[in-house]
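The structures come next, written out as structure tokens.
Look at the two complexes coming up: chain A is in both, with chain B in one and chain C in the other.
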Partner chain A sequence: MTKVITDVICPFCGTLCDDVEVTVSDDGKKLLEVANACVIGTEKFLHSQSSDRVTKPRLRQEDGSWKDISYEEAADYTAKLLAKARKPLMYGWSSTNCEAQCVGNEIAEVAKACCDNTAAVCHGTTLIAVQDIGLPSCTLGEVKNRADRIIFWGCNPAHAHPRHMSRYSIFPRGFFTGKGQMSRKLVVVDPRCTDTAKMADVHLQIEQGRDYELLDAFRVALKGEWLPDVVAGIHAEKIREVADILKSGRFGIIFFGMGVTQSLSKNHNIDAAIALTKDLNEHTKYSIMPMRGHYNVTGSGEVFAWQFGFPYSVDLTRGFARYNPGDSSSIDLLLRGEIDAMFTIGSDPGAHFPISAVKQIAKVDSVCIDPHMTPTSGVSKLHVPVAFNGVETGGNCYRMDNVPIDCRKVVEPPEGMKTDLEFLTMVCDRLKKLKGVA
Partner chain B sequence: MANSISVNLISGRTIQQGVAIESGKEKPSYRTACGIIEMDPSDLKTLGAWKNTNVKVTTDYGSVIVKVIEATQGPHPGVAFIPMGPWANSVVSNNTYSTGMPTFKGTPAKVEIAMNEPVLLGIELVQRQCGVKVG
Partner chain C sequence: METVTITMKNVPALYLEAETISPDAFAGKNAAQIAELPVFEGNVPSTLGKYFEVSGNAGATAADTKIVVKGDAKKVKYIGFKMTAGEVVIEGPADQYVGAWMKGGKLTAKGDVGAFAATAMKGGELVIEGNAGNYLGAAYRGDWRGMSGGKILVMGNAGSDTGMYMLGGEITINGNCDVHVMTHAEGGKVTIKGNAKSKLGGQMVDGTIIIFGNIDVMMPGFKPNGEVELEVDGAKAKFAHFIGDMGERHKKKKGAIVYGNLYKKI
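On to the complex of A and B.
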């Protein structure tokens, strides 16, 4: 007999869908089927069952081959690497739970490391903007029940957050949005005619990288002031028409993504988006929310913030926490060649950092803690496979609207495999002994 | 028809990229999903490239061989799209302008036909560029 586990949390994107149903074998060792998740979430659950999975830590040898070692040896290697390094970088944390992040931060304090999470390549600039001028935000439940004006600016949830629109933002029938999609107006701003844009009431095909101008143009239009004929490729009449749509709603929400955080102007784009939200609040109720992409990246920011005071790019090398993006941020540290050891967990900088930064990772001693084989494990000296978070181990994580949710363990990991919390605890104990810390 | 064409290169997620990273980055399906460049049909015509031809993308930050396909979320003349992954990151701008964030979107790029050059697998591409010895 198989059993069905309901209300499972999907550990792929920041939407953290909590209605997934997973069928497992009677002994709880095999995951058989996944229902309700999107195609990416389903793949994440099913890949944990693949037969070609790496199940033992592997150390790269002189000739480039891998040698299997025990978790104890891997923990020894990692602790020694961190103890020896003058400026180690501990990066990632987004595919792991808050409990493991806490132990990781303890290790970072003892090792006097630089710590960063994947916000470095996704919403780091958003965090800078939030520190600049604040963030009037809300929960996704409020969006579902109240929002009748939805703006997707520089994001493509049809591809990146596949169930966001059906669970929260466009299709669901909420308390004050009883007609679902019919209750809402959808505006999409994107330089491509994305699959999200194809569903929109209005698609503004902006010139790439001109978000700041268009956001400011909306602020001007809301104030009824003069506009040039064309701003960022959009005609002034269209801007005024959309401004009227935006202010005619009862509750609006601006979701924004990599289109604004990764284009030139970066944090200033988001400053302008938040300022637009503030201006719209003079007409009706508006909120703004970053489309956090990576499972528990929000949780990592929270844990960093409550333990170190800053949400990413934390430098502990002087024995206290410093925060200075551009100086203490991963990419800049790597590009300047300041890092002498790399510790990666729950992320893949090898695939998602510019290659010039990855080349620096390959030059130094490195550990990659990840269930998958990745470009990062491909350039690291030690690869430590661990149980899949949210599938083979539970733990706390944060949704994109900062709501904490407990993930569920649905299946047993392969025999003998450690969770990242267990492995980090082993490393922490060893490092403390090496450093003579009680 | 030209030997090469200048485009504004952007990168981002696609659902195929999401599935491929979760099903194994060592597999050819990752290359199929992300070792591509999406170009507007008008730009393809200017370049004189058939769909599914291998092309070389070159920027100030590097070069990479990918397969050109017709824009799936177009039209977007002048803009080219490589899904996020090691192929895009071989050529994107690494300038963070003191924010910590590289400029993944908006890198001026040159695209030229490279019919006989292979598109490498994801891990292999990174290892080769980093000079990692593989046993």
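On to the complex of A and C.
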């Protein structure tokens, strides 16, 4: 016999779908089928069942081979590494739960480390802009029920957040949007003709790296001021026409992604987009929301912010929290050779950082806590496999609109395997003893 | 004026945070006392004397103190941090936050300096004979008050985000400038003798940009407003005048709207 677990939360992207159905074996040890999730989410659930999974911590030997060690030995190694380091970097956090992040922050405080989450290479620039000028935002439920003007700027949810459009932004029939897609006008701004752009009522195929100019041009158009003939490859008449479409809605939302946060102008792009949202509120109701990537990167920002006062790139080396991306951000720390130990959890900088930064990880003492074998575990000295959060253990996570949702455990982890929270607690206890702060 | 010379003897393995290298911290101390001033390498507290050879005694006040930094200070942050008077000469390159929050005195860097130089500067004079990094004379993260007074001269090039949130003071760059100059500025003046890339004066409320070279891409929010003759450093020249950023909010003075000004040499 098998049993079906309903209303399961998908631990893949920031959309944090909460309607997944999972079929498990009667003893709860095997995960058999996944329904309702997108193809990436399904894979994430099924990957927990793969036969080649690493189930024991592995320490790199001098000849390059791995040696299996116990969790106790791994915790000892990690605590010693953090106690010895003069400037350790604790990076990741976006694919684990808030409870583990809390213990991680306690470790960072004792170790006087730099801590950062994946926003550093994703929506960190958004957080800078939010601190600069604020964020008029809403929840995804409001988008579903009210939004009749949808703007996707520099993002491609068709591939990166596959169920975002069907659950919230384009297709669903909401309270005031009874005709679903027919009730909405979709504007996509992207230099590429993406699958999202193909669905758009208006696709502005902007010149690469000119988002800041186009956003400014929209603000100028809303004020009815002079515009040059062409801005960012788009004709002025077209800009004024689209500005009118935006104004004519009852409720609009700007979703933006890494096409603007990590291209030329970075935080200034978001700054200008938020300013445009504020301007549009003089005509009708508008909100703006970042398309957060990892399922709990938002939660990591929340936990950092309520414990340290800053949402990412926090430097605790002097015993108090400092924050200045450019100085305290992971890639800068690595590229400039500022750190002497690397602790990675719940993310894969090996696959996403510039290769020169990854080479730096390989040079220093390093620990990688991850259920998967990744490029990061490949360059780390110690790899600690853990239970899949959201599959083999529950815990609190935040959706991209800052709504907290509790993930659920649906299947047992392999025997003897620790969760992030359990392993971090072991490290924390040992580190406190080493530092004499128990 | 008394001169204290500090010479790098042990280059830090990581980076050194040495906000104590300023005439204000040195004032009234002899060489031995200066060598005891605290610095940080990562999370390890240490003393200035561990990294630098200190010779000479400081004057009684900051105004009577001159500091000469010799040797490789490429990995030293915060030189001239919050200085209010006196003089600092860095003979080679230095890292981030050179002259950050400085209020007075003169700081000369003979080599390149890193990012965040003259962050939120209020007064005094900063001369960078090499190149400046990003965020020169800008606001600190999250602050809306950038440089508000004093003078900066960069003989080489400057990075991006020069004069972000600038409120007053003057920056002159003899070389070229990367993207974003005076973003969100509400006052002050930036003169660029070389070329600039793009996004000059984005979201600018007030202030002045004068550029002698080319601009790759103009901000659409800057509207042509005729031609004017300006005198810069004693030489007169004709400039095309633009006002903006038209997309941004603007203050009113005596009934007239005040815009940011951009002058481009013809």
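Note that in this section the second predicted complex is superposed on the first by the 438 of 438 C-alpha atoms of A that agree within 3 Å, B and C clash if a C-alpha of one lies under 4 Å from a C-alpha of the other, contacts with A are read in each partner's own complex, and residues count from 1 in each chain.
Methods note: a residue touches a chain if its C-beta (ideal position, glycine included) is under 8 Å from a C-beta of that chain, and two chains touch if they have at least 3 such contacts.
On a predicted model such as this, the values are computed, not experimentally measured, just so you know.
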{"item": "Chain A as common anchor, with chain B and chain C clashing or fitting", "value": "fit"}
{"item": "Touching partner for A:220 - first (chain B), second (chain C), both, neither", "value": "second"}
{"item": "Touched partner set for A:299, first chain B, second chain C, both or neither", "value": "neither"}
{"item": "Chain C versus chain B, contacts on chain A by residue", "value": "B"}
{"item": "Touching partner for A:326 - first (chain B), second (chain C), both, neither", "value": "both"}
{"item": "Apex chain A: angle to the C-alpha centres of chain B and chain C, given in degrees as a multiple of 10", "value": "80"}
{"item": "Which superposed partner A:252 touches (first chain B, second chain C, both, neither)", "value": "neither"}
{"item": "Which superposed partner A:264 touches (first chain B, second chain C, both, neither)", "value": "both"}
{"item": "Which superposed partner A:132 touches (first chain B, second chain C, both, neither)", "value": "second"}
{"item": "Minimal inter-chain CA distance - chain C and chain B, angstrom", "value": "6"}
{"item": "Intersection of chain A interface sets (partners chain B, chain C)", "value": "128, 264, 325-327"}
{"item": "Of chain A, residues touching chain B in the complex", "value": "12, 38-40, 43-44, 47, 50, 52, 61, 63-66, 116, 120-121, 124-125, 128, 156, 158-160, 162, 191-195, 197, 205, 208-209, 258-259, 261-264, 266-267, 293, 312-313, 325-327, 329-332, 335, 348, 350-359, 361-362, 372-375, 378-379"}
{"item": "Residue numbers on chain C that touch chain A, as the complex places them", "value": "13-15, 17, 40-44, 96-97, 115-116, 134-135, 140-142, 144, 179-180, 183-184, 198-199, 202-203, 217-221, 223, 245-248"}
{"item": "Residue numbers on chain B that touch chain A, as the complex places them", "value": "8, 10, 12-15, 18-19, 21-26, 61-62, 71, 73-76, 79, 81, 84-86, 89-90, 92-94, 96-106, 122-123, 125-127, 129-135"}
{"item": "Of chain A, residues touching chain C in the complex", "value": "85-87, 111-113, 128, 131-132, 210, 212-213, 216-220, 222-223, 225-228, 231, 264-265, 268, 271-272, 275, 279, 316-319, 323-327, 336-340"}
